[in-house]
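These are the structures, in structure tokens.
Both complexes below contain subunit A, partnered by subunit B and then by subunit C.
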Partner chain A sequence: MKMEARKRLEGFAFILPGFLYIVLILGYPLLYNFVLSFKNMDVKNFKTAASVFIGFKNYIFLFKDETFQLVFKNTFVFTVGCLVFQFVIGFVFALFFSKKFTLAGPIRGLILIAYMMPMAVTALLGKNIFGVSEGVVNDILMKTGMIKEPVEWLVSTGTAMIAVIAVNCWVGIPFNMLLLTSGLTGISDEIYDSAAVDGANFRQRFFHIILPLMRPAILSVLMLGFIYTFKAFDLMFVMTSGGPLNATDVLGTYAYNLSFTQYKFSLGAASAIVLFICLFAVGLFYLKLISKEED
Partner chain B sequence: MKKFKKMLAFFMAFSLAAAMLAGCKSKPAQQGGDSTKGGGTENTVKDGGAQKTDEADSSQNATEVSIWHYFENEADALEKLVNDYNEMQDEIRITCTYVSREELMKQYTIGAVSGELPDIGMVDSPDMASYIALGVFEDITEDLNGWEDLQYFYDGPLSSCKDAEGRIYGLPNNSNCLALVCNMDLLNAAGYTKPPKTWDELKEIAAATTDPADSVYGFAMCAISNEEGTFQFIPWLYSAGATVSTLGSEIAVKSLSFLTELVNQGYMSKEVVNWSQGDAYNAFCAGKAAMLETGTWQVSTIDADVNGTFQYKYSLLPKDKEYSSVIGGENFGVCVGSKAKDACVEFLKYMQSAENNADWCEIAGKIPVRSDSATLKDMWTEDERYAVFTEGMNYAVARGPHEEWPTISEAVYSAVQSALIGEKTPADAMAGAAAIVDPIIAANPIAK
Partner chain C sequence: MKGSKIKHIGFTKQRRRNIIGCFISILIAIVFLFPIYWLIIMSFKSDTETFGKILTYYPHKFTIDPWLENFRDKDFLVSLRNSVVIATLSMALSLTLGIPAAYGMGRYRVPGRKALLLTFLITQMLPASLMLTPMYLIFNNLNILGTFFAPAIAIASGSIPFIVITLRPYFKSIPVSLDDAARIDGCGVLKSFFKIMLPTIKTGIITVTVISFLNGWNDLAYSMTFNVEAKMRPLTANIYKFQSKYGTRWNCIMAYGAILVLPVILIFVFLQKHIIGGLTAGAVKE
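Now for the complex of A and B:
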């Protein structure tokens, strides 16, 4: 009994550093932010500390606010748009580069450069690439005759999101490719061999072998991708500042703007909490899927 | 699958590390020597290769005073001023630290909660009112009592250091305003020998100098979605006779309609909604715009950037009803919680003495904040480029001071953007801005 208690204590000692880290570094700010989101703290009452609890008013205000509705929608459009393209293209690349041909390895490595690049640099590149009169994209489209007039990529509210998604995919594709490639290498050659003996064509191999065996990997990639993309900030911050007219504003940039530019701290906290809740829900969903998988 | 899990773990660890390292960015970098080009907020964070300003520790008992600033082109001049001060006495020891503008503003907001602030902080003048309200800056009214020099400070810049009750929280460091600069080669080629004086002339010349084949626009300005966009729009608003308190008025709509028309006719690029002042300036220097709405701080670099490729000429911004411009500039305030408040005030007084302000502004290419500084040197009247800005200061209006200026500003630049890209009519756009701004100003009028 004594021995067991001691062992238990030891166990606690081992998790203590991690536990403290989570409580102090993650827990406290999160709790503080949560409390803040139910107050009315802004530039006017900050110094006097006269802010009071106002219940759910910040949340109600946000969800009634047209700009926030747009930002909320943008965040999902951006996330889903990015996920679809970067996953599909990333998967195709992963399948392609899993073939053993000359230079497959080095080329795969080179594609990763986009992922290694700091997001701020990528965003600046994107800003130039999608310029109206001097941008490369318009230049190519014009020269190949696909368009007659230059597209106002980052200037028009209708096209800015497409440009931002495209730039994010540029980074997301290598990320997806890499994770899916390692998933693919986990499928042993013997399974392919026996499928070949049974006369399975590529389509059958893909749907009946690759996809089912890759299921856990695919789930993880999609979930990680969702989390990375949903909390995007630096890309928009540098490339468009959320503009034109909030057309590329997402929850991350919007919360930052409320808190650090407008000094509406409680509203900023509330929109950050909305972001948190969305990600938390996705996280729970993922955990559930995983546990189901393991069962 | 094992390999996959390893990979996944690697990515998790990598992103966790990245997130943690991102936090390190908030740590201000020590001031390095070099500087980066570009006006306004287009600054670069410089974290590495830095060293402290102060020299050998000659005086150990001296009061330490830290200054955080975001000067880039002017950093060397600030260093010199500080070094001179450190050498001439051994009571106070000043250390300068460069922090990128975006980061510095964030630090003030965080510092207002955590109390981690420098002794002296630099701030863009329209932002000062908000930071005073947030409790970042210390009231130094009593400390300046009896300081005779105060009477020489221009009202506009000094008012940006005060709260609604007229208490003083810092001293203005420099001023700037906006004017027009023309590419005279393009104007001459189109048959014009002088810069435009009125809106009509501006439009006429813009039409004549626009050349779509060469992607040259008649006029360029900045209408980006931040404070710079508001800064550049204000002169047009006030020239028509409107103010930020009358955004819904017909004359306010007229000013926005004028700019919208320039875009719709193709005389101004729609891309101005994504251009910072630095971007617009670069377009002008590259010969892609015949005329530019430009700031005082850009004079010091224009010769190098144009590099003799064309002749240029400065003039006041063209007027509708009256000439107009807008005051920009930076202030230095003593931060709350500083243990060396007296030393800070002493240094601020030294830094903003008539001579030092004149020297400083000459090197930095800015306009002094004191009437007696402006007469010490002839640069602001003899150099015809600066003379235009000096004259422009007579017409320049201040932004605020108002603690909710950022919200007012956002309403203004959003309205400008929505009209320029054709999302709303100028009338609807201005009505939208007025709906946000009017209640704010009604509740808390802009201090006179």
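Now for the complex of A and C:
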């Protein structure tokens, strides 16, 4: 008994420093933001507004505001657009590179570089590649005759989102491939072999064996993908600054600009809380999935 | 006689599959890695070629001037040093707090461990824009705004949960008999942690070391917000400054970007095997 109590203490001694750090550094800001979003604090009334609560006024203001509505919509369009493409292509890559051939390992590794690159550089590169006259995308499309005039990718509101989604998918595909690969390796060769003996073709194997067995991995990768994509910030900040005319402005950049370029701290906090609530709603499913497998 | 013939057919079929696989994978690599190729070749173009009417797909006149121009720039060198300092500092902080926490979570049946794990998982959902204002005020009170500690502390708050989630399954998979053997040999708790546990999960340790370094190296939002002065900012946060300095001299901008990507490429070329295994262990459970 005494031994067990000692072991528990030992365990806590290892865990607590890291845990307290997280709670203090992240928990406090979360609460602080929550409180701040019910006040009306900006750079002018920094001192006087600290104790005045205005209820849900910030949230009501935001949801009535046309720019915020656009930003809210943009965030979903961006996230869904990215998730669809990066998941499908990432899955195809994962399936393909799970085959046994000499270059499978090395090239899979090279592809992962896209995932680990600083997003600021990726965004810079995207800005160059989608440039009107200097951009290589336009150059290739013109040379292959797919377009006659250069497309103003990042200058016109209709195409900027497409360019931003394309660049983000370039980062998201390796991420999806990585997580789905580990799901695939969980399926043993015996299951494949017995299916092959039963004469199952690829389509049958895919829909009746691979998909059901990979359900947990697929759910994880979609939910994690949602969380990482929905809170995007660096990409838009460097590549488009949210422009043109808020066409690529998302909740992450919008909240940042409210707080740090317009100094409307309470409004910024409220939109950050909206962002967090969306993430948390999806995150809850992820937590449920993870904790179900936990003893 | 018949047997060897079948074997022969099987062999060529396998070889053909291998060749087709390699061929397709090279095609995928060419298309997918084209942006990285572009980043690198652009950084070796001369000014005349960069501003030329015709877009060239490889440097017709190879030059290292754009790289030299960056390295001769004092502001660049300062930013580079800042990047290294911030990444190293946040890595050290993350490892010191994260690895023991992962060990405690993986090897001790502490009460409330499920709630602890959930807390670590929830932090992965927190967007940077939610943290910036309150952290700014906290760091202001602590008087560390404008120092390397502010971004390092903020970045570590993201790396620590990652370390816990990634390493916990590793620690869990070490057989209990190893603990017992260590105890019998007279190893104390700390000694067995450092001398036995850590070396056993080397792959996992390499992964979290690399990722927590890159988290700091890649950071933009925290450094940009907490360190207003350019001379305290890392390369990522000074991208705008250099962009307006170089204008449309994309060769110099790309050299700047290539230098930022270089550590990532080096790490992947040399440690690829470890990292790929390590990254997937914690994120998805089979």
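As a working rule, the second predicted complex is superposed on the first by the 261 of 295 C-alpha atoms of A that agree within 3 Å, B and C clash if a C-alpha of one lies under 4 Å from a C-alpha of the other, contacts with A are read in each partner's own complex, and residues count from 1 in each chain.
By definition in this document, a contact is a pair of C-beta atoms (placed from the backbone, for glycine too) under 8 Å apart; a residue touches a chain by one contact, two chains touch by 3 or more.
Just so it is clear, the model here is predicted, and its values are computed rather than measured.
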| item | value |
| --- | --- |
| Clash-or-fit label for the pair subunit B, subunit C on subunit A | clash |
| Which of subunit B and subunit C A:V71 touches, first, second, both or neither | neither |
| Touched partner set for A:L178, first subunit B, second subunit C, both or neither | both |
| Partner chain in contact with A:S156 - subunit B first, subunit C second, else both or neither | first |
| Touched partner set for A:T102, first subunit B, second subunit C, both or neither | second |
| Subunit B versus subunit C as contact partner of A:V43, first or second or both or neither | first |
| Partner chain(s) touched by A:E134 [first = subunit B, second = subunit C, both, neither] | both |
| First (subunit B), second (subunit C), both or neither touched by A:M236 | neither |
| Subunit B versus subunit C as contact partner of A:C82, first or second or both or neither | neither |
| Subunit A residues touched by each partner, larger count belonging to subunit B or subunit C | C |
| Subunit B versus subunit C as contact partner of A:Y263, first or second or both or neither | first |
| Overlap of the subunit B and subunit C footprints on subunit A, listed as residue numbers | 134, 178-179, 182-183, 185-186, 216-217, 220, 224, 259-260 |
| Residue ranges of subunit A in contact with subunit C within the complex | 7-8, 10-15, 17-19, 21-23, 25-26, 28-30, 32-33, 36, 93, 96-97, 99-104, 106-114, 116-122, 124-125, 128-129, 134, 136, 139, 170, 173, 178-179, 181-183, 185-186, 216-217, 220-221, 224, 227, 231, 233-234, 237-238, 251-253, 255-256, 259-260, 265, 268-269, 272-273, 275-276, 279-280, 283, 286-287, 290-291, 293-294 |
| Subunit B contact footprint on subunit A (complex, rising order) | 43-44, 46-47, 127, 131-134, 152, 154-157, 175, 178-179, 182-183, 185-186, 216-217, 220, 224, 228, 240-245, 259-264 |
| For the subunit B and subunit A complex, residues of the former touching the latter | 1-4, 6-8, 11, 15, 105-106, 109, 112, 130, 133-135, 215, 224-226, 269-271, 273-274, 403-404, 406-407, 410, 414, 417-418, 421, 423 |
| Residues on subunit C engaged by subunit A in the complex (per definition of touch) | 17-18, 20-22, 24-26, 28-29, 32-33, 35-36, 38-39, 42, 55, 97-98, 100-101, 103-105, 107-111, 114, 116-135, 137-138, 153-154, 156-157, 160-161, 164, 189, 214, 217-218, 220-221, 225, 236, 239-240, 243, 248, 250, 253-254, 257, 260-261, 264-265, 267-268, 272, 275-276, 279-281, 283-286 |
